[in-house]
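Each of the next two complexes has subunit A plus one other chain: subunit B in the first, subunit C in the second.
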Partner chain A sequence: MSSAVLVPGVPSTSRRASAEVVRSIARIEVRRLLHQPVFLVAVFLFVLMAVTTPFSDYANADYVVTAENGTETNLDWPVVPAFFLGLGGLIAMNRVAKGASRTGDVLEAAPATKLQRSLALCLVCLVPAVVAFAGAAYVFVFWMVDPPLQAMAWTEFTDTQLFSIMVEGVLAAVGGPLLGVAVARWWRWPTAGAITAVALILWAVLSSVYRDSSWWGALIHHSSPFALAVFNTESSTWAQGGSHHWRVAYLAGLCLLAALAACAHGTTGEQRRQLVRVSLAVGGLTVIALLLATFTGPEGHYGPWNPLW
Partner chain B sequence: MVTRSALAAELRAVGWGPVLGAGAAAATVLALDGTVWPSGPGSVTAWVGGALLAGAAGFSLDQPAAGAVQSVPTSRGWRMAVRACAGLGALAGWVAYAVVWRAQLAVGVPAWWAQVLAGGALVTVGLGLCAALVRRGQDEPASTVAGGLVFAVLALGLVPVPGDVLVLDLSGERGSTTVAWAVIALLGAAGLAWGSRDEGSRWRETDARSAGH
Partner chain C sequence: MSTISSTSVMFTGVTRRYGNSTALDHVDLSLQPGVTGLLGPNGAGKTTLLRLLGTVLAPTEGRCRILGLDPGSHEDRTEIRRSLGYLPQEAGYPRGFTAFQFVDYVAALKEWTDRSQRHAEVRRVLALVGMEELAGTKMRRLSGGQRRRVALAQAFLGSPELLVLDEPTNGLDPEQRASLRGVLSDLARRATVLLATHQTEDVAALCERVVVLDSGRVRYDGPVRELVAQAAGRVWLADEESPSALSSWRVGTGRYRHVAHEAPLGAELAEPTLEDAYLLLRGGQADDAVAGMTA
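Right, the complex of A and B next:
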C-alpha cells in the first residue's frame, strides 16, 4: 500500500493501490452486513420462497385451475427479491453505512477517502444481488424446463421478456441496498432508513392503484422500482404491458443513480462536478428508458378475472 | 424534589426529533390509507403505518445521552417506565385511526379488539426489542428496530406462516391469529421487563439481606 493511501483525505496516486483499499474495506463491510439480523432474516425468507416456488401453487400443465386458487402466482416473482432483499438490504445497508457500531467507528478512522468508503459500500450491495441472481436463475430454469403454462399472462411473454422480468427482481435487490447507502450518506437522521423503506412500499402500492390501460397509469406502474408484471384480485386481472427490456434499463439507471448519489457525498471541486455531470447524463437516459418502457412493447389489459390470460 | 427533577432530566434526554418524525410519518401513512387509498385496517399501508408508530415508540428508548442519564440517581426500571409512556401515545394514534376508520360506514369493519390487540402488540414488541437492546449495550437501537418492524409486517403478508396462521387478519374470527398476536405482545412485554431490570439488582438484594443478618 502506498504511503499516499495512508493519509486520510488524500486520494491514492496509484489506481491499483486505491482499488486494494476499496476491496479491503468492502471485505470488512461484507462481514458487518452479514451480522445484520434484518438481512439474515431477509436472505432466509427469500431462499425459502425461491426454493419452494416450483412446488407451491406452481401453475404448470398439471395444475388444477379453480376460482379459489387462481393463477396469479409465478409471474409475480420480481416482488420476491424486491421486497425481501431490496427492502431488507436497504434497512441493513443503511445501518452499515451509518457506521452505527464499534467496527463502524474504526472504519471511519481508516486511512481512506470518503469516496473509497462509499465505493466499498456500493460493492457490498452486490451480496444481495448475488443471492437474488441465484434465486432467479433457479426459478428461471424451472420456468424453462416445466413451464407454468397456466400462470396468468404466461403465453403473452417471450423467453427474453421472461428473462427481463427475472433481471428486474435482481436489480430491485441491488437497488434497495444502494438506496440505503445513499440515504445514509445524505440523511443521517435515525428514522431515515425506515421512512425510505416505507416510501418505497407506498410507491409500489401506488403502482397498482390505477388499474386501467391508460398511459399515465402505465407510467406510474413502470416508474415504481418494485412492481408486479401481472396483477389480479378475486374479481379482476391486470397485465402491466410495456417493454420489460426497457424497464430493465430503467432500473439499472436507478441503481446507478443511487450509487452515484452515495459516492458524491464528501466529494468536492472537480470530482463533485464530474459526478454531477455523470449523474445528469445517467438521469436523462433513465428517464428515456422509463418512457420507452411505458410506450413500447405489448399493450397491457385490464378486465374481469379470466383464467385464459 | 429529586423525582421531579429526575423526570425532567429524563424527558430532556429523550431524542424527541426521531420520535416525532417517525410518528408524523406514521400519521401521514395512516391518513393516506384513510383518504387517498381507502383500504383500511389489514391493508399494506395500515400495517406499515402501525409498524412506524411502534418504531416511533421505540425511539423514545434510544439513549443518545446515555452517559448523562445514567448518572441520575434513578433505577433503569423508572427511566424505562417514563420513556415507555411514549408507547401509550403511539397506541393512542393507532386507536384514533381505528375509530376514524370505523366511522366510515360504507367500508368493512374489522373487530375492534383484534385491531387494538395487533396495534398494542406491535408497540409492545417495538418497545421490548429496544429495551432489551439498550440493556445489551446498544444506546440507539430504534432505527434498526423500526426498519425491522416495517420489514416484518411486510414479510408476514408475503410468507405463509406455518399452521395456516393469517397473522394480518383482523376479522377476529381466527383464534390462531389472536393467539399469535397475544404471544407477540407477551414477548414484547417480557423484553421490556428484562430491559428495565437494573443489572446486578439481584446481587444488591442479596447483599442487603446479608447485611440485615
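Right, the complex of A and C next:
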C-alpha cells in the first residue's frame, strides 16, 4: 500500500443523472452475462438453429409432405429462441442477479438504489432479445423471399400473423431472462432459476396436450409463455386458432410484469405503492390480451393428417 | 455532496433490536474528522453500529444524523452514501470478477458513470492498497489478505468524507497493516474514519480517540491515552502466575504479564498498553473508574 498515490477522486459534481447510472451498471452486467456458460451455449445453439433452419428439408420447396416425413413444419421455429434464449437466459440472468447480491452490504451502502440495480438487470435482458430478433428476422426474411411452399402451415397464415408468430419467439427470449431476474430477487433458493425453467417447460408441454377446438384448450395454449403454433404427428395435425397479434400483447404484458416484479423488490412506501398500482393495471391488460388471443382471430385446424391440406 | 461539519456523526439514544435481542442499547455517539477506534468483544454491537453508520440498517429507536443528514430519509440516505466508504466485516464477491472488475462494479454503483474517469479511480484505489499488479487476477485466486485489500480499495473510492471500516486489518500481514495505517492517517486529514477492530495495536497506533462497546452499550468513549493511563500501576511482570489477576499470560521471556489491581508477589510494574487497559476495562472491576471518563 502506498500513501504516495493518495489523491482525491473526482468530485460528485461530475456524476450524471440516474439513467446514466443505470446504463453504466447495465454495461458491466452485460459483461457478466456474456461470461455465463449457460448463456453462451444457448446463444451458440440458437445461432446454429437459425442459420440452418432455412436450409432444412421441410423448408425446401421440393420437399414432399407426406404422413411419413411431415412431422415437422417451419412454424416450429419460433419456439427455438424461446427454448434456447428464453430458458437459457432465465438461468443465466438468475445467476447474474444472484451473483451481484453476494456483495451484500457493499451493495446496500452504495448510492445506486436497488431499483436502479434491478432496472440495469432488466436492460441486460435486451441482449438475448437482440440475438433472438436478429435470428428471427433472418429466418423471416429468408422465408418471405423464398417461401417453403410445401411446408404445411406457412401458407395458412397471413404475413402479419407470421410476423406476430416470429415476435412471440423474441418476446419469450426477453421474458425468460426478465423472469430470471424477478425470481432471483424474490426467491433465494439456489435452484430457483432451474425450478422455474422446468415449470415453464411443463407449462409449454401442457399447452400442447389439448389439441382440439375447446376454448379452455386454446386458453391453456395461449397462456403458455412459449408454445408451438402448429403441431403435427404422423396421424394428426393441429394449428392453433386464436389471434397471434393479441398473443404478442399478452407476452409483452408478461415481460412487463416480470420486470415490475423484479423492480418492486426492496422498494418501500410510495414507490412500492406506485409499482403495485402499475402492476395491477398491466396485469389486467395482460389478462384481457390473453382472452382476446383466445377468443378472436382465425379458427384453428384440428384433425387427422391430411397431406393435401 | 454535503460539506464537512465539525461533527460528522451524531447518534442520540440509538437502539437497535433484532427480535427480543438488543444489539445496541441507547447509544450516544458523536464522531469528528480523524480516526476513531471502536473496540469491544464479539457480540458487543460493533457491527450493528457500523451497519447503522453504513446506512444499511435503520435504528429501532433514537436519532441519527450522518454528515448533517437524516439516514431515515430516502434522499438524505442517498446523499450520505455518496460521501461514504464502507467496508463490511464480510464482503462477498460476484463469481468470476477480477479485482479490477469488482472495484469497477462498486464504482459504477457509486455513480461513477464516466468510464475513463471510473477506471482511473479504480486504478488509483487499487494502487493505494498495493493491489495494482494483481488487478487482473480473479478474486477467487487471491489470498484472504489480498481480497481484504481489494475490499478496502472499494471503500476508498472517491475519497469519502466518512469511512466506516469493520476489521480492515483482518488477514493483513504486519507490513500491509503498517502501510494501511499510513493510508488511513492521510485520509483522516479530511475525513471521519471509524475503525472497528480486535487489534488494539492498530487503535493505539492510529487513533486519538477510542470507543469501547460492551453488550450494546458504550463502556468508554474518550482519548486513547486516558484509557491507557487507567491501566498505569495495574500491569505487572512477575516470575509466577497470579490467580487473582484479571488477565495473565506468559510472555516470550518466560515471565508472566499480569493485569491486576494488586501487585502479585515479587512483581514489578510494567508500562501499560491499550490492550492492558482494554482488558482492565473488560475485567469489570474498573467500572467506577471508567464511568467518570465516559463521554
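Just so it is clear, the second predicted complex is superposed on the first by the 274 of 309 C-alpha atoms of A that agree within 3 Å, B and C clash if a C-alpha of one lies under 4 Å from a C-alpha of the other, contacts with A are read in each partner's own complex, and residues count from 1 in each chain.
The working rule: a residue touches a chain if its C-beta (ideal position, glycine included) is under 8 Å from a C-beta of that chain, and two chains touch if they have at least 3 such contacts.
Remember, predicted model here, so these are calculated numbers, not experimental data.
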item	value
Subunit B versus subunit C, judged by how many residues of subunit A each one touches	C
First, second, both or neither for A:24, with subunit B first and subunit C second	second
First, second, both or neither for A:34, with subunit B first and subunit C second	neither
First, second, both or neither for A:194, with subunit B first and subunit C second	first
Which of subunit B and subunit C A:219 touches, first, second, both or neither	neither
Touching partner for A:123 - first (subunit B), second (subunit C), both, neither	neither
Touched partner set for A:99, first subunit B, second subunit C, both or neither	second
First, second, both or neither for A:291, with subunit B first and subunit C second	neither
Partner chain(s) touched by A:111 [first = subunit B, second = subunit C, both, neither]	second
Overlapping contact positions on subunit A, where the subunit C interface meets the subunit B interface	95, 100
Residues on subunit A engaged by subunit C in the complex (per definition of touch)	1-3, 5-16, 20-21, 23-25, 27-28, 31-32, 35, 95, 99-100, 102-113, 117, 269
Complex contact set, residues of subunit B against subunit A	15, 17-18, 21-22, 25, 29, 32, 37, 44-45, 48, 52, 55, 59, 62, 140, 142-144, 146-151, 154-155, 158-160
Touching residues (chain side subunit C, partner subunit A) in the complex	1, 51, 54-56, 74, 78-79, 81-84, 86, 88, 90-96, 101, 104-106, 108-115, 117-118, 121, 124-125, 127-130, 149, 151, 154, 157-159, 176, 179-180, 182-183, 185-187
Subunit A to subunit B touching residues, read off their complex	36-38, 41-42, 45, 48-49, 56, 79-80, 83-84, 87-88, 91, 94-95, 98, 100, 189-195, 197-198, 201-202, 205, 209
